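Structure first, then comments.
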Amino acid sequence: MKYVDEFRSKDGAKKLATEIARTVDPNRSYHVMEFCGGHTHAIFRYGVQDLMPDNVQFVHGPGCPVCVLPIPRIDAAIELAERHDAIICSYGDMMRVPASKKRSLIKAKADGADIRMVYSTQDALKIAQDNPDRQVVFFAIGFETTTPPSAVAIKQAQALGLENFSVFCNHVLTPAAIQHILQAPDLRDFGAVSIDGFLGPSHVSSIIGSQPYDYFAQEFQKPVVIAGFEPLDVMQATLMLIRQVNEGRFEVENEYSRVVTPEGNLKAQSLVQEVFELRRSFEWRGLGDVPYSALQIRECYAAFDAERRFDLTKSKGQDVKACECPAILRGAKKPTDCKLFGTVCTPDNPQGSCMVSSEGSCAAYWSYGRFRLAQNQVA
Amino acid sequence: MKYVDEFRSKDGAKKLATEIARTVDPNRSYHVMEFCGGHTHAIFRYGVQDLMPDNVQFVHGPGCPVCVLPIPRIDAAIELAERHDAIICSYGDMMRVPASKKRSLIKAKADGADIRMVYSTQDALKIAQDNPDRQVVFFAIGFETTTPPSAVAIKQAQALGLENFSVFCNHVLTPAAIQHILQAPDLRDFGAVSIDGFLGPSHVSSIIGSQPYDYFAQEFQKPVVIAGFEPLDVMQATLMLIRQVNEGRFEVENEYSRVVTPEGNLKAQSLVQEVFELRRSFEWRGLGDVPYSALQIRECYAAFDAERRFDLTKSKGQDVKACECPAILRGAKKPTDCKLFGTVCTPDNPQGSCMVSSEGSCAAYWSYGRFRLAQNQVA
Amino acid sequence: MLQRKPGSKRFPMRLNIKKGRVDMTHGSGGRAMAQLIEELFASHLDNELLAQGNDQAAFSVPAGRMVMSTDGHVVSPLFFPGGDIGSLSVHGTVNDVVMSGAKPLYLSASFILEEGFPLADLDKIVASMAKAAEETGTPIVTGDTKVVEKGKGDGVFISTTGIGIVPDGLILSGDQVQPGDKILVSGYIGDHGVAIMSSRENLEFETSIASDSQPLHDLVADMVREVPEIRCMRDPTRGGVASTLNELAQQSSTGMRLQEEAIPVRPEVHAACELLGLDPLYVANEGKLIAICPADQAEKLLNVMRAHPKGQDAAIIGEVVEDEHSFVTMETVFGGQRIVDWLAGEQLPRIC
Amino acid sequence: MLQRKPGSKRFPMRLNIKKGRVDMTHGSGGRAMAQLIEELFASHLDNELLAQGNDQAAFSVPAGRMVMSTDGHVVSPLFFPGGDIGSLSVHGTVNDVVMSGAKPLYLSASFILEEGFPLADLDKIVASMAKAAEETGTPIVTGDTKVVEKGKGDGVFISTTGIGIVPDGLILSGDQVQPGDKILVSGYIGDHGVAIMSSRENLEFETSIASDSQPLHDLVADMVREVPEIRCMRDPTRGGVASTLNELAQQSSTGMRLQEEAIPVRPEVHAACELLGLDPLYVANEGKLIAICPADQAEKLLNVMRAHPKGQDAAIIGEVVEDEHSFVTMETVFGGQRIVDWLAGEQLPRIC
Amino acid sequence: MCLALPAELIAIDEASDMGTVSLEGVKKQISLALVDGVKVGDFVLVHVGYALNTISPSEAQKTLELMNEAGLVSADEEAAQ
Amino acid sequence: MCLALPAELIAIDEASDMGTVSLEGVKKQISLALVDGVKVGDFVLVHVGYALNTISPSEAQKTLELMNEAGLVSADEEAAQ
């Protein structure tokens, strides 16, 4: 696959590993936060950590849209299906995420709710057209990458005059979250690690561009390197971060220039602008209420807003008590710090969202790291 | 079973057979029309004809509510299910009756229509209560016996405020049909048999009483004996008819006095009166349009009348060309006169309604008479 | 894939059999499926062969005449007076196997589960299967589980297949039937069908009638040992005694003549049939057999059957006659004659 | 009840296979069912044993080690590139039988039909079964047909059961696997699952990939003849290669170490998986096998496999290691290590 | 036509105007909406889940006697032959 | 997060603003509503059935060269050691 295979070469990995080893200052450590689950996944899937010197550590951030969605929002999706008898269209990723009372979309489906997995907002529109007598709600999740398709769907629904289609909007914003992590004193202290730099989102940035990171790179004096999701991208960007740290720079650099431009996809941005507006505040799992960190549907598209169309109970659903997802999502703890990890909580029996999404830290630790833990125990 | 087994005894049959043999005038023949399919069924099921002298012949009448319903009415029931997406509740008897285009309720069901078999109007009401979002139509068929339960259901639906329940009324009237048979010159001629007397309906009469037959017994000078549906009842009533014929009487006698009174069930009559009114005319399969021979729902219960609630196409569905049901229902032909009987038309592949209902003459000939035909062929 | 995996603490959380439901993951081939198999299926069906844990069960067989039969079970409701789909799925196939005179050996089971089906019900069903398999001495040695989406199944369907070995020299087959043979039934007919109908939602009537669902291996063993001359046996399931006799008449190009008076029908079954407009001759049985044997063996066979608890109400109900039309006829209690045809359409309750 | 009844003009009107649909009468045990069996099922599946017309098929078997396996087939869509539920239902069970090294003998088939299913589709499916059974030399000797109401099934489900005889002396079983053994796969993985997904309504993508559904009896015959030392074989169906290897690791208390580079995956399959966020290791195969053999036999076995058309892309993909945790691990193309765990949940297309 | 069977009324629920009939031990709930003044022990004619009428024991007896008379007469004659 | 893959655009339907991409012969319909001025032969980044962006071949080349340089430097050094 062009633009993919080249960035997964074993050869390239060896070269970059050597270069990184050559570049690091052995007298200090480097804590690199990869904000995105996509990076987390690549690091584990390809064993990137193995290729790093010991003093380069990846800190996993809250950049998995599945993981950060708080339980009351999943409860609400289930309520839409069960109490309001709507067809809920969801990306496959959300199907097994725990809601309150040990439920999930897949369990609600087993209980009789009409929940359908879709691959695209186009599919949800088609379902609405095919079921004129039913309310069809698209369960919209995701960061800036996944938001424009939701905007397109709403505009198409309007053009088609679809009266039975609406969107349950849970789109969240990346810069707001990164800023929040750097800003909140308790969060910075909590983890007892100070982050030396950020691997910037790749696909989010393809929409928003690299400019939005300028503000906090300067404000918080932390370097950011926007990195592709292939393993060589991660290594190259890490190398670039190490160099900035070594040189005392805190700039926004762009390793993923084959896709990301400074200004991003202006057409997508304007579509999003037209359909959505900022929420004053939105709850993130792990981060709590984060101001201006999410989108809601504008008044003029109110007809397509599931939150306005349906009366929804305010669920008080909370994470399983011992689940450390909140701390893990802040980069403050590791999955292995969680008592439930690998005993009660496994990918087959996920107790928290981080164990479901293949981008969640707990799932990544389990799937790709479990053999290391076992080796350590044996050793 | 009390009041059943006593009337099925082999012993009793022998005695009555002897008495009938003793009573008949060997110099004449007796053509007894049993109006009711129930009698037809008993005659074949128990082999009553075998116990009769050769000069006593049963002529099968149009008294099977399944058989007399013309095809357009079944088409309409299918249309209610398919075009109006209603749940059609039907007695089991109607499921396999041929509609036009080789269809039937059971085939429409296989094609996806929501057709449910019910045992009682009470079940249909329950289905309506359980499916508030669907229109539920009870496919009401039957003579005076089956009409009062439909009246009760409509009154209950009104009391319950059920807005999704209606009745597709096909209730027909017995005396009108008998009178029509006796009245229409073409019908009387057609069969080339003159009927000497009638076995009067048992269960219909339990509702309407014996009085309604007085008029045409006098008018047409034909004896009527109301007879129960057990085989001894049929034999006893036949004996009573033979005696009337021998004596030149044409009275209404009541063999089934354990259930039938002169005035019938007044409560049931008044309920029917309240909910239904006479139709000016109604098409019977075999008899054509018969004036004042059926009921429709009164204006004041219009909300429960499927014919008013739904716009129904006027189907022109007709019987299979070669099917002789019409003539058979008039008593003018026998099933064996039909070219399709037993070749193309069998209970598994019924071409006409008379082959479906176990009270239909064709079905009765097939199921209980086929071995005789075979013996005759062999002989 | 129903085979038991060697026991281990592989599943941190036990399956919630009490409150859980089947979901799509239970059919995915992953760990959720392995857990369902280990903690629910294998815990009831446990036997050495199943425990081999391969894609197939392996066992030794002697040389000889083997029989194989399969049946899908789709009964509704799943639980009914006198049984459930679990026991029925064992009896239904074991009976088909033993109608050849065979000793049944092993069963396989294929489960098709509907998403949302309560694990507690599944557990009861599998326990009941295990008990039935134990009773008949036919362990379920291999199996398979699939899960279909809600609305694409009906709780649970179970297809079982059985194999057995026929004692040397015995050949029972429908085409052995000859005019003059006697027709025997092993007991009251129609119990199963009436019990099922009594528990159907929209027909609800109360009766003490329970399904006759039972395995006939032991009764059959007695019968073929004592009267190896039996021409054939068949269990009159769907379509009832009437359809089974028509099948046999067709297969052997004979006719059959029955005596209505001789056919054992319980008064309650008779009454329920009258109420619904049904005929007991067409109602399903799941623990009865029809046997046809030479006339001179009939009394002996009847005595053998009556000596066994499962045949205590056995009766000679008619005889085989020559008939080029293969008609099954019956002399009614009233003294008339009637045809007992194949079932046409379905047995539906009717009003006229 | 799938057995063929002796031919006769018992049915005045032929079944309308072109335009007809399954209705409830086809499952009632009456003449409509007999006609469906005779004119549709038996006309394709015709064989001597099926034609016996009894409740069970009877045949002679030699003494020896017999295997039995069953599988339910519920694939959606019913027709897919490279096959349909009919051929699949033969291959799926034959393959489970032959994974023991056995020669497959006979099959049974249990059909669960949904009311309204087009007879034309059923006809195609049964014809395809017949062809597959012919190809593998495993006639369908007994069967059963049930009809469920519309909305209580999904067109057609087919449960097949197969029996076979293992050549003397051969014992293949998952628990024979030992550290040091080599792991082989018979060809490209993931074809079946991707072909199925490509034809699912809401995922529609176009690819030339067809299901690999095929019977492996002939490949297996070559393998066990030439390398009887094979420890075990298994077909990596649901859950894919990953789940099959985890099963075997568990069963034999060993670990497995794979080389990602060595695993044959077609570029299209790889691409489709990347598009949908899936991993080919977890995608189902229906015509591939995993074989484990002593290291010193691995090259020989590989050559035997490659010499057969169904094994021409065979590869040694890893080895068995000691591991008390029974982990399956893999060296990635990138040079890192990862765990290849059981499938968790279901393989669902995902967006992140 | 009109399948109907005599069954014994064994319980009445005045409130719902429903009753229970028993036929050889088979019990069924039926509506009593079409009959007035029925009481437990009566035999009613049951059709599509409704009681249509009560059976008159004395009339039943009379009919049976009538049939029997026919028999007696003929039996006599036969004896006479 | 945000699974997205570069794939070649092999057909465009202007009317519906849809296109077909090919990835190793796997073809899929995607929406082009989020991109302007794409043409057949472009590689686009595909996410949830939408093209998000075009891939710049020259920038890709530059990045690969950058990575390779790292390699060259280290390879040189290794050689020097």
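Should a chain be cited, it is by its letter among A, B, C, D, E and F, assigned in written order, with residues numbered from 1 in that chain.
Keep this in mind: contacts are C-beta pairs under 8 Å (C-beta built on N, C-alpha and C of every residue); 3 or more make two chains touch, one makes a residue touch a chain.
None of the values given here were measured: they were computed from a predicted structure.
Chemist: Where the contacts of chain D and chain E overlap, which chains show up?
Modeler: Output, common partners of chain D and chain E: B, C.
Chemist: Going only through chains that touch each other, what is the minimum step count from chain B to chain C?
Modeler: 1
Chemist: By the touch criterion stated at the start, how many steps lie between chain B and chain F on the shortest route?
Modeler: 2
Chemist: Suppose chain centres are the mean of their C-alpha atoms. Which chain sits farthest from chain C?
Modeler: F
Chemist: Same or different interface residues for chain C and chain D, judged by whether over half of the residue numbers are used by both?
Modeler: same
Chemist: Can you tell me which chain lies farthest from chain E, using the average of the Cα atoms as each chain's centre?
Modeler: Computed centres place F farthest from chain E.
Chemist: Per the centroid of Cα atoms for each chain, what is the distance between chain B and chain E, given in Å?
Modeler: Here the centre of chain E sits 22 Å away from the centre of chain B.
Chemist: Averaged over CA atoms, how far is the centre of chain C from the centre of chain D? Could you give it in whole Å?
Modeler: Inter-chain centre distance comes to 28 Å.
Chemist: Hey, how far is the Cα centre of chain A from the one of chain B, in Å?
Modeler: About 71 Å, centre to centre.
Chemist: Would you kindly tell me how far, in whole Å, the mean C-alpha position of chain F lies from that of chain C?
Modeler: Each chain's C-alpha centroid was found; their separation is 62 Å.
Chemist: Where does chain C touch two or more other chains at once, residue-wise?
Modeler: 24-25, 30-32, 267, 270-271, 274, 277, 342, 344-346, 350-352
Chemist: Please output the residue numbers of chain A that touch at least 2 other chains, ranges allowed.
Modeler: 1, 4, 14, 37-38, 64-65, 91, 96, 106, 119, 123, 142, 146, 346, 348, 359
Chemist: Chain E: which residues touch two or more other chains?
Modeler: 1-3, 5, 23-24, 47-48
Chemist: Between which chains does touch occur?
Modeler: Every touching chain pair, ordered by label, is A-C, A-D, A-F, B-C, B-D, B-E, C-D, C-E, D-F.
Chemist: Within their complex, state which residues of chain C touch chain A.
Modeler: Going through chain C, the ones touching chain A are 11-13, 21-25, 30-32, 35, 115-116, 150.
Chemist: Considering the complex alone, what residue numbers of chain B touch chain E?
Modeler: Its residues touching chain E are 1-4, 6-7, 11-12, 14-16, 18-19, 22, 36-38, 63-65, 91, 119-123, 142-143, 145-146, 148-149, 152, 201-204, 206-207, 228-229, 232-233, 236, 239, 255-259, 265, 267-268, 271, 359.
Chemist: In the complex, go through chain F and note every residue touching chain D.
Modeler: 1-3, 5, 7, 23-29, 46-48
Chemist: Residue numbers of chain B touching chain D in their complex, please.
Modeler: Of all residues in chain B, those touching chain D are 96, 106-107, 109-112, 342-346, 348-349.
Chemist: Any idea which chain C residues touch chain B in the complex?
Modeler: Against chain B, chain C makes touches at 202-203, 267, 270-271, 274, 276-277, 324-325, 327, 329, 332-339, 341-342, 344-346, 348-352.
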